[in-house]
Amino acid sequence: MINVGIIGAGRIGQVHAKSILTGVPDARILAIADPYMKPAVAEWARSVGIEGVYDDHRKIMDDERIDAVLICASTTLHAQLSLEAIAAGKHIFCEKPIDQSIAKIEEVKAALEASPKKLVYQVGFNRRYDHNYRAMRKAVEEGKIGEVQFVRVSSRDPEPPPAEYVSISGGMFMDMMIHDLDMVRYLSGQEVVELYAQGACMVDPAIGEAGDVDTVAINLKLANGALATIDGSRKAVYGYDQRGEVFGSKGCVTNANDSESNIVLSTVAGVTAEKPLWFFLERYMGSYQAEVREFIECIRDGKEPTVGIEDGLVSIKLALACAKSMKENRPVRIDEI
Amino acid sequence: MINVGIIGAGRIGQVHAKSILTGVPDARILAIADPYMKPAVAEWARSVGIEGVYDDHRKIMDDERIDAVLICASTTLHAQLSLEAIAAGKHIFCEKPIDQSIAKIEEVKAALEASPKKLVYQVGFNRRYDHNYRAMRKAVEEGKIGEVQFVRVSSRDPEPPPAEYVSISGGMFMDMMIHDLDMVRYLSGQEVVELYAQGACMVDPAIGEAGDVDTVAINLKLANGALATIDGSRKAVYGYDQRGEVFGSKGCVTNANDSESNIVLSTVAGVTAEKPLWFFLERYMGSYQAEVREFIECIRDGKEPTVGIEDGLVSIKLALACAKSMKENRPVRIDEI
Amino acid sequence: MINVGIIGAGRIGQVHAKSILTGVPDARILAIADPYMKPAVAEWARSVGIEGVYDDHRKIMDDERIDAVLICASTTLHAQLSLEAIAAGKHIFCEKPIDQSIAKIEEVKAALEASPKKLVYQVGFNRRYDHNYRAMRKAVEEGKIGEVQFVRVSSRDPEPPPAEYVSISGGMFMDMMIHDLDMVRYLSGQEVVELYAQGACMVDPAIGEAGDVDTVAINLKLANGALATIDGSRKAVYGYDQRGEVFGSKGCVTNANDSESNIVLSTVAGVTAEKPLWFFLERYMGSYQAEVREFIECIRDGKEPTVGIEDGLVSIKLALACAKSMKENRPVRIDEI
Amino acid sequence: MINVGIIGAGRIGQVHAKSILTGVPDARILAIADPYMKPAVAEWARSVGIEGVYDDHRKIMDDERIDAVLICASTTLHAQLSLEAIAAGKHIFCEKPIDQSIAKIEEVKAALEASPKKLVYQVGFNRRYDHNYRAMRKAVEEGKIGEVQFVRVSSRDPEPPPAEYVSISGGMFMDMMIHDLDMVRYLSGQEVVELYAQGACMVDPAIGEAGDVDTVAINLKLANGALATIDGSRKAVYGYDQRGEVFGSKGCVTNANDSESNIVLSTVAGVTAEKPLWFFLERYMGSYQAEVREFIECIRDGKEPTVGIEDGLVSIKLALACAKSMKENRPVRIDEI
């Protein structure tokens, strides 16, 4: 039985807590901490048998019974909390991104490598655990499409964030496309060598005024010579639209969106299927459970997680390369970052 | 080069003429005959090089250069014209049904067997030549689904015929479901042993007043023990809906409807594809060309057509068995007919 | 908070226990009873906080704190346990079928009506709670397809049961098609008036030797005049195949199977999607959770369940009518049963 | 009745001749010319009633009865033949590309503008006449997806050309992607402002040795600010793969590939549909007929063709910009060309 503490009791912290309670039988949540914990959340936590409900996360760090922490606090604290957890000898599941600064992530990485105890460090790129993307990756890994020659990732949110969030988001590449940049690496099994990113403001002028874009297209060159494109939008009126394709010497694998049901209605208006699931938590709920289950397995069995600190680091480099490429309107090599 | 004459210059006669002109290079139309030929049709026929444009079909029968006739006159004349053509030693393509009376079809069959010259006699069950149904049949024939255990055929017209037509149509089983009854035999490669047919009047009360039904469901037992169902409707508001399924020990093959295009539109209203093609001539145009091409090949190469007189005869028996079953509300064996 | 006891700790009893623990926050399992409870199940039950783990279900009946029971014992005990629970004033969720005898179900129904306390009695036709069938029903209820004119239900298991089970199963209509007979009523919102059922033994001769069939086709006439067909097979090599269609004056609604993922692989071998989910518990897991959630809501809010005792009774009548129809090879009116 | 002459009797010349014979009733082919005409083609031409079968195309230019020419000769002659036809006052349908040199196309354009007789000049971008792409364009034009924000075009040939062809092809952008560059303009209704093109040699090293690429990805910026991507491959083992997507403020429209049939086979191996049509003439046959029909209509009715000389010119500029961008590894503005 692995004992865990959860740091941050907001939406994603609660999602992970419920995943562990219902789907990870060999983990037990000993404590949850949040300086701004809502009373209803505290009450709920106690009702499901979580012993420690704290304001101060250091109580978790100091509890020797706790083997692992899930860092679900706000992004700016991820790196600092990681360092504390490493110092306390806890295994770490850290929500993405670890940080927007490469230097800070490398500091965490160095601390991790210097730790006398071998620690699991997993980053919350949940999409790698989604049933559809995982099945695509499996087909590629098993050689079903031969050598990878081209990858495409399309990614559209159902609604743009509020403009006030945009200005603190780190920009669309860092805030949203980071998942899709990671998907290109995951699906292809290849590193990105160079990229060229374009952006436009087509959805909401307020996003442009806040200095960001809402529509992007990225061209990537991979280590084996293959090419890739990513396209993204902050707003697809028909729902959360997340699709990909990997093409190779022996074939091609694609996925589609998930819907609430698969019924099809034929009327004078056409032959109509349901729209994609709207809300990311609904669409990716299974992946949140799967990633936490893997985290516990990695601790228990000494395995490497599917998404380690290096993946967290590279994804940030790619997002920064995109921003630089768009700003300078030229292709940027990743080793420039 | 096979010389043909077309008897009947209505819609289906013109369809066959155009098929031959554009897609059957080794056939030449020498003549077309119709007692009520429209002037525009006569003019068109001459413009495309058809030498004989007649009121009287006997000029075709008497023309020794003509090897084969296409009987496209009204249904009540099919058997009589077949007998004349057999007497004249012409190969025959006869639109379906040969006749609504078994005795008359058997008279044609006997004449055919008695003919000193071996004649090709092909019946116009065009759906057997459709790309989708043909691909299903091919999959079954190649053993892709193993032994046939169940067949389903669904058949819905976009619009009911006028009530005045209904009363002379021979009834829905004879007029419409005859194609679907034939499909069960074609797709399964099995004879029907017994069937049970239900009918209802759900679409248009005028059809009921004319003594017919507009909604049917048929249960069939096949020679190898397999079962089948057919469902039919005179009116599907979304278009001409023709689908089937064959299920067996190794799998299942289904088809879908054809549409004008395969675009899919995703909006707040849903994810919408196009409706099925509305008009049977549009949906099945390819099959009309294919069946006439086969007719010419059978004459040229001495092959048996995919749909011979026996198929024409059995389809009528099945339609009559359906009518009897519905009337007496009991299962009817085909050998009762 | 509703306190429940579970009678029967086999596969389906455990499924319901887990559903309540993880997805029904306002229900608490106080006890579980099974005369043949496995030690591992008892241990698991205690570990998740179930206080009473009994051999004897009467301890549940006698526990005044318990508001409701889930009857998950073997089928032959469902009616007797229902009577005991009614006598004890407990709300009842009873797995299907209530019994194979109409008389026994009517005895339960009478006891229920005579109960001084108004009790919820819900039957475990879980498929009514499945996301796809529920969405179809919703489309029909909302008038999207107009008046129902035809219903089709196709139902194929991935593997036949062992021949020894077949002989005690009550036959394919009672054991398997009962869900599909219920689906026709559910999807159409119509009662069945008359039916004609055919059966064949195409899958496994041992099933025939055990006196049963493995392939069936049923024709049904509904109260509003509409028609329906059901087809069933004990073995579809490609997986658990459950599909339906409701056709009406304004359109048609169909569903499809669910798969592990929606990826599509294009290679020289074709364009291949995943097979349907194989195992019924995997396919219908969501429905098991939804039905128990509704049961608790009905108790809490005084609502009628979607599937009450009358539905349980009618489904048995329909299964018996099918068996009678097949035996006598004639259409059977439901009021004959 | 419009009288036409066909210059060039190779594959595409014959395709157009058959289209006119079978599907363009108000056009008549008076002559066909080819310096290397095969005897079988000459014989066929006479058998279908084409009066003039010539070695020398000038007989067509000199024939005053001929209203229009279809230029189907080898690419290097397109511009010269266009100039001759303009001088002779003939309407022109010219296969694409008009030329690989912008100067030559501009020479043709100037001659056309200087012609005292207003002449129709249509370029053979047949894909604009395809049922699927046309339906997409129609949806965009009708405002179904709102303002265009992103366009994607994917284009994969079933087999690469022989390496010896590659070296004279003008390169993959000019030879193959020119259709896809045109599609971005057609589907979006927007001009391209700037693009960035990458290429790789992933399919066949011989193509690389011949100085070309076989795998490309292009990023484009459109006049309204929207973005676009194109991806291309010389070899998709599963067939000719041509798909697109247009995304906008109100939704998204996509298309799929056409297949020989739409049957789906479910077995232990998966749920398998047919591969896309393999051969471009089979896939796009309908579009070849449609474009010639439009050409005749434009002459008859004084309409502008969907694809005029300006479209032919712009497509060449885009292909040249791609080549320049790839060579210099930088985004290129179209007004640089």
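Quick notes
All chains are identified by letter, namely A, B, C and D, in their written order; residue positions are counted from 1 within each chain.
Keep in mind that, in the parts below, contacts are C-beta pairs under 8 Å (C-beta built on N, C-alpha and C of every residue); 3 or more make two chains touch, one makes a residue touch a chain.
Remember, predicted model here, so these are calculated numbers, not experimental data.
The most distant chain from chain B is A, comparing centres defined as mean Cα coordinates. The interface with the greater number of C-beta contacts, when A-C is set against A-B, is A-C. Remark: chain A and chain C have CA centroids separated by 39 Å (rounded to whole angstrom). Once the centre of each chain is set as its mean CA position, chain B and chain C turn out to be 43 Å apart.
With each centre defined as the average position of its C-alpha atoms, the distance from chain A to chain B rounds to 58 Å.
For chain C, residues that reach two or more other chains under the stated contact definition are 236-238, 241, 250-252, 265-268, 274.
Only residues 21-23, 49, 131-132, 134-136, 139, 144-145, 250-258, 260-268, 274 of chain C touch chain A when the two sit together in their complex. Touching chain A in their complex are the following residues of chain D: 147, 149-150, 152, 154, 156, 196, 198, 200-203, 215-219, 221, 225-229, 231, 233, 235-238, 241, 247, 249-252, 329-331. Note for the complex: chain D touches chain C at residues 236-239, 241, 259, 265-276.
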